[in-house]
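Note that the chains take the letters A, B and C in the order they are written out, and that residue 1 is the start of every chain.
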Amino acid sequence: MAYIAVTSAALLTVLLLVPQLFGTFTAYQIGLFLIYGIVAQGIGFLWGKTGILPLGQAIFFGIAAYACAQILKNIDSLPLQIALFVVVVACLALLGFALAFIVFKGRSDSGPYFSLITLALAMICEQVAGTATNTTGGFNGIYGYPTIANLDQFNELYYVIAIVTVLSTAAISVLNTLPAGLVARAVSDNEKRMQLFGFPTHLVKGLVFGLSAAFAAVAGILFANHQGIVTPTSTGFLLSANLVIWTAVGGRNHVYGPLIGAVGIGYLSSELRGSFVYWEVIVALVFIIVVLKYPGGIAGYLVDIFCRFKKNIRSTELHLCNAPAISTSIVQPKLIFSKTKVKMGPVRILNGVDLVTPKTGIVCIIGPNGAGKTSLLNAITGNLIVSAGSVSLDNKYIHNLPTHKAFACGIARKLQVPSVFFSLTVFENIALAVIAGRARFLDFFRPSTLKWRTAELTNLLNSEAMTALVDMEKPVSALAQGHRQFLEFAMTTAVQPKVLLLDEPCAGLSPDETRMMTNLVRDFQERNNGLIILIEHDMSIVRDLADRVVVLHQGAVLFEGSYDDVRNNKSVQDVYSGGTK
Amino acid sequence: MSSILLLNILWQVSILAMVTIGLGIVFGQLKIMNMAHGELVMIGAYAPVITSHLGLSGYLQLPICVATVGLTALIMERTVIRHFYGRPFDSLLATWGLSILMREIVEMIFGREYQSVSSPLPGTMSLLGTDYPIYRVVVILGVAVFFFTLLLWYRRSKVGTEIKAMVENPALAQAVGINTSRLSSVCFVFGAVSAGIAGMVLAPTTRVEPMMGLDYLIRSFFSLVVGGLGSLEGLFIGVGLIGGIQSTIGAFFNQTYGYLFVLTLSILFLWLKPNGLYRSN
Amino acid sequence: MTSTLLRFKNIVGGYGNTMVVSDISGTIGKGEVLGIFGRNGVGKSTLSKLLAGALPMSVGSLLLNNKDISFTSNHERRQRGIGYMPQTAMVFDNLTVRENLSLARSTQDMKYYLSAFPRLAERQTQIAGSMSGGERKILAFVRTMLEETCLVILDEPSEGVQPENILKMQECIERRKAKGTSFVLVEQNMSMLTSISDFYIGIDSGRIVFESDKKSASRQDILSVLSV
């Protein structure tokens, strides 16, 4: 926090010095690109953190600018003007939120499609602005209105712009350090995992897009004041594309990147375009080289250099605090499958599963490849559509719920191929698991939330099996596959689920590691006393763990009983004879 | 009236199909959102300008078009594009930069002003009860023959599967023996050259200038969106809808409404049916 | 004595500046199976990638039939006769089962493999990505085995595969072995490893810590390497 205060103060000083050092006209020109920089910061946060690339950010910028021009033209009272500006920003933020929320609902990707929708919308806005002559003045635009409080565009207005720039920079810097920022990054890293942790990811994307729209709207209002004219180009595709270019060249991952990009490239272009013929060619070349060689942009490059000189700036000392208890409504974690069917194209994957699990205990599911074991778990967590029949937990139907709602029912799942957040550190991975289901809305905006730990989790992390995870600052992408299995197990059990679904937790583990994993599962069951459903091929693991064994074959339950029953059953032997490692 | 409209729609659809097939390969298969695709159309359209400037025979238009566009595409692929296979977002940015670069270079050579190109086949012929330019009729037939041959070849060849395999998992494609570097170059250059030829064919019927590409880029992008990526059938549906609707509404109302309708239709498809009307699988 | 097919010497390689495999040498004769084992993260998969050419070697040389192939890419090695089944991302998820199999350069033995794994025959038109983990392993295994290569590198083919199908995989390997094909087999499954390997390399921290032929290595020896 202190770091943010210092850098914000430094930025403010630099911006305030500009008119003194270079004169008010230069300050006026730079002011325009600071305004674009604010929009670009919103784009940078959206794109850098959640991976969504907006190609039509000028929609919000332009609409706000037009609205501002009309307000200034028709309304004289300053308080009313400001109130209406707030309304405009709020409405556009809401519009952005609704757009992303609706489009991303029921999907789990960062969607080039969404980018193209915003692109098409920007083109529509530009066309409409050019045609609807009565409200927008057509191609000539709206002009001849006063600035807010009659500020001098060439003098006082610059300071307003400077202050808003500093505020927007500080806001994003703070957001980056908060759990909310981590959640946004996690969504772009592994959306499926976030849904399994109960986060409605389309809501997260909607909120972040709404935030970026608000930034664009604020900038649009400043723009209308600054330029004294609003034309269709201010809501069009070309401006949107330029904003993205500035963000990319400046660096989308860092809060100062978009500012550097907008002011650096934008201002220099407008200065040099007239006097130097090849300038545009140079800009295009620089842009291509940045995208090719320095995907982090100028800011990313500077940060890399900075880190090379100053390693390990983060203090390793952590003051962890106790996480609040997790609450679930279910009392009887008894899963009931009733004639459950799942189809994929013409193939019937589950063909009428009838199964009632006990309330507690470890149920092992075995069966040949393609018998529908993983699909059974997918039907529980809403990753596959149940076409007929039902799945219920604690007497409530849970099939065909969105994935994130399964979590609220007390269900956690470890996937077959370890599903963790690869671009984040071990610490951040664990933090997300502890936040899941525990944090209330305000907790996402408190830095201390990141330090939550439970006693069980601390014990688990100190155990022999987790030695590979000791270096908490290590990125998960540097862990071996087997160690990711242990990390994902720790994360999945951190949420203390009543129903734990484990899909081949020992796949790819050595005999020693397999022993450690089975011990972890058994220990967890003794403490938690819930229901565990475990898919496994290795019969020695099944013998060690299972209270009950279910044999699936061709999408239906072939047999269920104790380990010995299964071993001695003739029909099971016919289709399946388990082996050991 | 109606037969003129029908022929105009056919003409629009043929040209659009020619532009879109290249984008379909590059965007649909290689997952490169090539924002410079319109500039390839533009460079192709300058081929007749080059021949008339240099006083060359009109028959050299095609070889010059293939050479200039092919070479441009090859340089693009070798220096920039190949780093972005399967990364639509980053490729979008890089090719956006390329498109600016290409426009600027053409502007330095030919200037910003409109160039007019005379039709190699002047005159009209009587067709379906109206007089229609011979040139356009020949182009429509030529495009039809091109697509027919392409379809026949594609049905028999394994190359479609190999391209899909390469884009999804280049490392594994290598392991099964696909020369990914050569295959991707060939695909990209083929897509580019077909766009260039579309530009060359268009040149006599439009104004040739450095900014002309954007409009074709946008319409072919949205044709792909509506039709669905990854199949020739989808491509024809998309091109037919976008080209047909725009020229019909353009004929009865005005161009802006046609444009707005196409944009709205595209948004609806992107939102509700992101895989388009025709799914390859 | 069988004639040498592949000879690799002092192989070093890894990702970026991190060397995962250091100084590994060995030879494989025609029709022999080399079993590679070791704990997680010790460099087994990396070694198989280096041999297949999916990852360039930093140091070392590779001779196939006495021809130097150290600097060839993955697809060139495939064309020279090295088949490779990676551990992860081993099938094309967006392609159908039939399309995946059609990518193999040879389809002569298709009938044999489809009768060994009837599930693949039933699911020809299904998208590979929608199949279960074990089925995808089988699909990748069959695709790799279909190719008439003189050497096949298999990286954990049995992971997630039901025991019966593991036995069938072993049968398929034995069948090709009888025809003179050599194998490099990276495995965690002890029974598969010990039943078909002719000799073993045990790896720890990127180095060879155990080397033996089949007769003189006991299961206990191997387990002791794994529990270091």
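Keep in mind that, in the parts below, a contact is a pair of C-beta atoms (placed from the backbone, for glycine too) under 8 Å apart; a residue touches a chain by one contact, two chains touch by 3 or more.
All values reported here derive from a predicted model rather than from experimental measurement.
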{"item": "Middle chain, criterion being Cα centroid separation", "value": "A"}
{"item": "Pair with more cross-chain C-beta pairs in contact, given A-C and B-C", "value": "A-C"}
{"item": "Inter-chain centre distance, chain A versus chain C - centres from mean C-alpha coordinates, in Å", "value": "37"}
{"item": "Averaged-CA centre spacing for the pair chain C and chain B, given as whole angstrom", "value": "44"}
{"item": "Chain C, residues touching no fewer than two other chains", "value": "127"}
{"item": "Sites on chain B at which at least two other chains make contact", "value": "none"}
{"item": "Residue numbers on chain B that touch chain A, as the complex places them", "value": "33, 80, 83, 88-90, 92-94, 96-98, 100-101, 104-105, 108, 218, 221-222, 225, 256, 259-260, 263-264, 266-267, 270-271, 274"}
{"item": "In the complex, chain A residues that touch chain B", "value": "51, 53, 102-103, 111-117, 120-121, 123-124, 127-128, 131, 241, 244-245, 248, 277, 280-281, 283-285, 287-288, 291-292, 295"}
{"item": "Interfacial residue positions of chain C with respect to chain B in the complex", "value": "52-54, 73-75, 78-79, 83-86, 89-96, 99, 102-105, 127, 143, 147"}
{"item": "Residue numbers on chain A that touch chain C, as the complex places them", "value": "344-347, 367-375, 416-417, 468, 479-483, 504, 507-513, 537, 539, 576-581"}
{"item": "List of chain B residues in touch with chain C within their complex", "value": "158, 161-162, 164-165, 168-169, 171-180, 281"}
